[in-house]
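Across the two complexes that follow, chain A remains constant while its partner is chain B and subsequently chain C.
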Partner chain A sequence: MSEKFVERMIKFYLPLFIFLFFLLFPFYWMFITAFKSDAELYNLKLNPFFIHEPTFKNILMLFKETLFNRWMFNTFFVAILATILSLSASLLAAYAIQRVRFRGSGPIGISIFFGYLVPPTILFIPLAAIIFQLKIWDSLWSLVLIYPTFLIPFCTWLLMGYFKSIPKEMEECAMIDGASRLRVFWQIVVPLALPGILSAGIFAFTLSWNEYLYALTFISTTTLKTAPVGLITELVRGDVYHWGPLMTGALLASVPVALVYSFFVEHYVAGMTGALKE
Partner chain B sequence: MAKVVMEKLNKHFGEVKAVRDFDLEIPDKEFVVLVGPSGCGKTTTLRMVAGLEDITSGNIYIDDKVVNQLPPKDRDIAMVFQNYALYPHMTVYQNMAFGLTLRKFPKAEIKQRVKEAAEILNIGELLERKPKALSGGQRQRVAVGRAIVRKPKVFLFDEPLSNLDAKLRVQMRVELKKLHDRLQTTIIYVTHDQVEAMTMGDCIVVMKDGLKQQVGAPLELYFRPANKFVAGFIGSPAMNFMEGELLSEQGGLFLQTMGFKLKIPEDKAAKLKSYPEKRVIFGIRPEDLPEAPAAIPNETIEVVVEVLEPLGSEVYLDVKVGETSLIARAEPTTKAKPHFKLYLQPVLENMRFFSIRDEKALF
Partner chain C sequence: MRISENIAIQPGKRPGRRWRWSGLLEDRTVMGMAFVAPAVGLLLLFLAYPLILGIWLGFTDTVVGGTGEFIGLANYISLLNDALFWKVTYYTFLYTGAAVFFKLLLGFALAIVLNREFRAKGFVRAIVLLPWIIPTVLSAICFWWLYDTTFSGITWVLMKIGLIGHKIDYLGDPTNARIALIVANVWRGIPFFTIGLLAGLQTINPSLYEAASIDGAGGWHRFRHVTLPLISPLLAVVTTFSTIWTFADFQLIWVITRGGPANATHLYGTLSFQRAIPGGQFGEGAAISAFILPVLMISVWVCYKYMRREE
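Let's turn to the complex of A and B:
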């Protein structure tokens, strides 16, 4: 009994705690930094792991002296629209590739995946040209349109795997029952793939929320920046790092993603394991 | 009310010829069973009738109308799948009502029909449950219920009982048969289990490697198999086969094989006379190999018992003649013991002869 307990401690809980520590420490660091004054931050004699004189100045500075509210709104706007756009496209694409089996569906599936493999650091140059031509440079719409370029391949592949796990007979039965292909899709496939769709949605939302490179290159007006870009470009002035507000902003910006995750976590886990229990 | 006709039906999956030149005419209200070993093309044939699989060549008629190009929903058929394919996110009621709702039946009629079907199948109390909360047998009933509410012209069943335990399978066999009597609808039923085929079908179609082997009533297939494959496939335990030589001697025609010699009855001998070859395959069913009290020349064979399989009402004897194994049926009172000698007296009137060349029945 106790031997088993010790074994469990060493093999399971110990690694888990080490892992958790590494994972959560940055958040702790952000949290304490958010409540420290500059004087405290730069005083090397104090123990850096604790707050000694809590202050709200950082929070005030973030909201008063920067456009943090505005950036958060922008990020939401872009992330939600890009997610909806990508999900709609991926749902149809994944279903068509997986089930309609039209001529060339296999190669198309693979080429979509290759599209995903091209790094944004290369892609942003040609994409910039396109954005110029469409006259949406320095507008949030550029991001809404660009994010699906990496979200759609990702979501499509995730959903293809999920659709594959839905028994074909179920759809065939519905078709014999009198349903058209579209109705089978809405009434049978989508409800059954809901956990997978949620996973794809959460992923898409998180990826767009955290996206940095495109947001940095395509947006230059301060009022149109997204939170990750806004924080860094406006709170790192020259070589002066405003650590306090920077960390406060980072902490607050990760809240929505954390909320989305915790809200959908059950579905999310079910979606990842691809488990379609009948 | 529907006659189903298949004409020179072919289905190729690339190199695989799943169904070859399949002809079949199914009269209205008939219960037809497609039976054959795994991979012989039964499911493929059924799916072509349902419209779920494109036809490589040939025609399918339902009620004298070619349906080759008709989508499944317009063929007025219902299909029960092996894994039931119930919609997991809908209740039993919604599952059964789905097809009717799509066809825009009035609410009251849908309710009426579902209730009726639920009563027939004894699933009235389950209507509000989700499929997850049902046992295998209950799911099976719901799947059948979903098919019958639509009152289609033809029912297609693809091994609907294979996921049930043995006892339930026997019970559902009877129920499906009763259901057919009651609904009087054409049924095409696929199974690989010959017992199921024999007990349920008005008419059985035996298939092998995509080819139709024989069509006929259960007992016709049993007593007059068209070839060695059908003879061995229908009936359990299977028919015994041996190769032998025909000897025309004084006193008639004899069959010489592995150390014993049997006199062939006059009527069969007359039919065999015109057969040009000397070597044949002959088959005899276990129940046509009764024990004999003592050796009779040209009528009994001497065997050594290997294993006894007592079933209660009968005992199967696994015996050996030389190197060949045979199965014989004996009365429960048999005195046979393993490793002892025994005489069997074949009922020669019931023996079947097959050509060695193409394994077809000789007459």
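Let's turn to the complex of A and C:
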């Protein structure tokens, strides 16, 4: 029995512990830095892995001397609107491609999926030119319109997989009873697909919350920046790094994503693996 | 199926204008087209059109806020004659190759470790995904501070246990900076491989392992002849996704080193941003981004092949 325990220790707990340590250590580092004063941060005599005198100065500075709450609001605004827009478009598209199966639905489905592979680093320059022409430069609306480029392919693909798993019988029965396709969609398909819609929505929200390149390129006014961009551009000025507030900001700006994630983790994992398998 | 459609097409009891509307939507093609229109419209305008516009811009001398002239291959010729561009090409491939290799290796290893029943499995799986879901920019800030020459916790530990006698310049030395960024990328990307592959491992029927064991197969043989063949299609897709994302990476590099020191850590993505946005050279920036296209096309091809086989 003890031999079995030793084997389990070496084959399972030890590697698991090493992996978890590697994956979680940066979060610990972020957390302790957020509660350290500058004097403590720059004192080489102290053990850097503990907080000796916890301070809330960093949080105060973040909220009083920067526009952090404004940036958080901007990020929310863009993430929510972009998610709603993408989810609505994707829900309709996924249903049409997977269930209505009209002529050309197959190639359209595959083309939408390939949209997900196109990286923003290829698109941001021409998009900047387009945004400029549309006169929505330096406006949050530019982000609301651009984020669907990566949200729609992802959500559509995820929802297509979900529709595949819903049995067709209920729809067919309703149609036999004389319900129109539109009514079948609203009253039967959408309620049945709610878990899938939730997974897609959570994913879309976190993806928009985390976006950086477009927000960095299209927004230049300080009050309009999103949290990731605002922190980097406003708290790092030349050679002056405000490590304490930077780390506090990084921690706080991760909280909404972490919260959404912790509540819906099963949906998240299902969404991720579902999208991969489909 | 056929019958239900025929019946559904009959307009039923709806009179007047609503009748005509819903009657139109009862047609498969009309309804299908109407439903995909918003998604396809947005993607054509903000994805397909920019993709083509980007290729065109690479052949022009467009600057920010202005219009440019067609200059043929001039951008590409000047890039290919620029030693800096070759340096960036070298690091882009090194970064992608090394990071994807280690993400695959470690991510797969962790998936195998997690592929068993144990207490708090759901909790551990949730924690493992954290580096992937937390905004990259924010974890990049953390790595940036962790790589500080004077105040790094890593240095502190290494000096305490006597492994090194002097401080390490993580981001000031070109080789160190290149390695440091690959480590940060691997850290962020492991969860994607782990969770994706774990889902695949869980679909493998345990009786296959039992049968292999009865035939005398050891751990390595079971992995080599049962696990690997069954998981290889998923492995290919996960690796392809990771490859295109890593090749076109921007955030980690731009936050931690901005391509420095001495341009040693620029990728195509960061160099193109630097030339186009702060530098204002849209044409040249677009030409640099265009070098990402071949890898994108290969990725699309691999995914397509895999999907065809699934059907």
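The rule is simple: the second predicted complex is superposed on the first by the 239 of 278 C-alpha atoms of A that agree within 3 Å, B and C clash if a C-alpha of one lies under 4 Å from a C-alpha of the other, contacts with A are read in each partner's own complex, and residues count from 1 in each chain.
Quick note on the criterion: contacts are C-beta pairs under 8 Å (C-beta built on N, C-alpha and C of every residue); 3 or more make two chains touch, one makes a residue touch a chain.
Bear in mind that the values here come from a model prediction, so they are computed numbers and not experimental data.
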First, second, both or neither for A:172, with chain B first and chain C second: both
Comparing the two partners chain B and chain C, which touches a greater set of residues in chain A: C
Touched partner set for A:192, first chain B, second chain C, both or neither: first
Touched partner set for A:144, first chain B, second chain C, both or neither: neither
Which superposed partner A:41 touches (first chain B, second chain C, both, neither): second
Which of chain B and chain C A:262 touches, first, second, both or neither: second
Chain B versus chain C as contact partner of A:254, first or second or both or neither: second
Set of chain A residues, in rising order, touched by both chain B and chain C: 172, 175-176, 178-180, 276-277
For the chain A and chain B complex, residues of the former touching the latter: 167, 169-170, 172-180, 183, 188, 191-192, 276-278
Complex interface listing, chain A residues touching chain C: 12, 15-16, 19-20, 22-24, 26-27, 29-30, 33, 41-42, 44, 47-49, 88-90, 92-93, 95-97, 100-105, 108, 110, 112-115, 117-130, 132, 145-146, 148-149, 152-153, 156, 172, 175-176, 178-182, 206, 209-210, 212-213, 216-217, 227-229, 231-232, 243, 246-247, 249-251, 253-254, 257-258, 261-262, 265-266, 268-269, 272-273, 276-277
Complex contact set, residues of chain B against chain A: 50-52, 71-73, 75, 77-79, 81-83, 85-89, 98-99, 102-103, 131-132, 146, 150
Touching residues on chain C, where the partner in the complex is chain A: 1, 3-5, 7-8, 10, 12-14, 22, 25-26, 28-29, 31-36, 38-40, 42-43, 46-47, 49-51, 53-54, 57, 62, 64-65, 106, 109-110, 113-114, 116, 118, 122, 124-131, 133-139, 141-143, 145-146, 150-151, 153, 156, 187, 190-192, 195-196, 199-200, 234, 237-238, 241, 244-245, 247-251, 254-255, 268-269, 272-273, 276-277, 282, 285-286, 289-290, 292-293, 296, 299-300, 303-304, 307
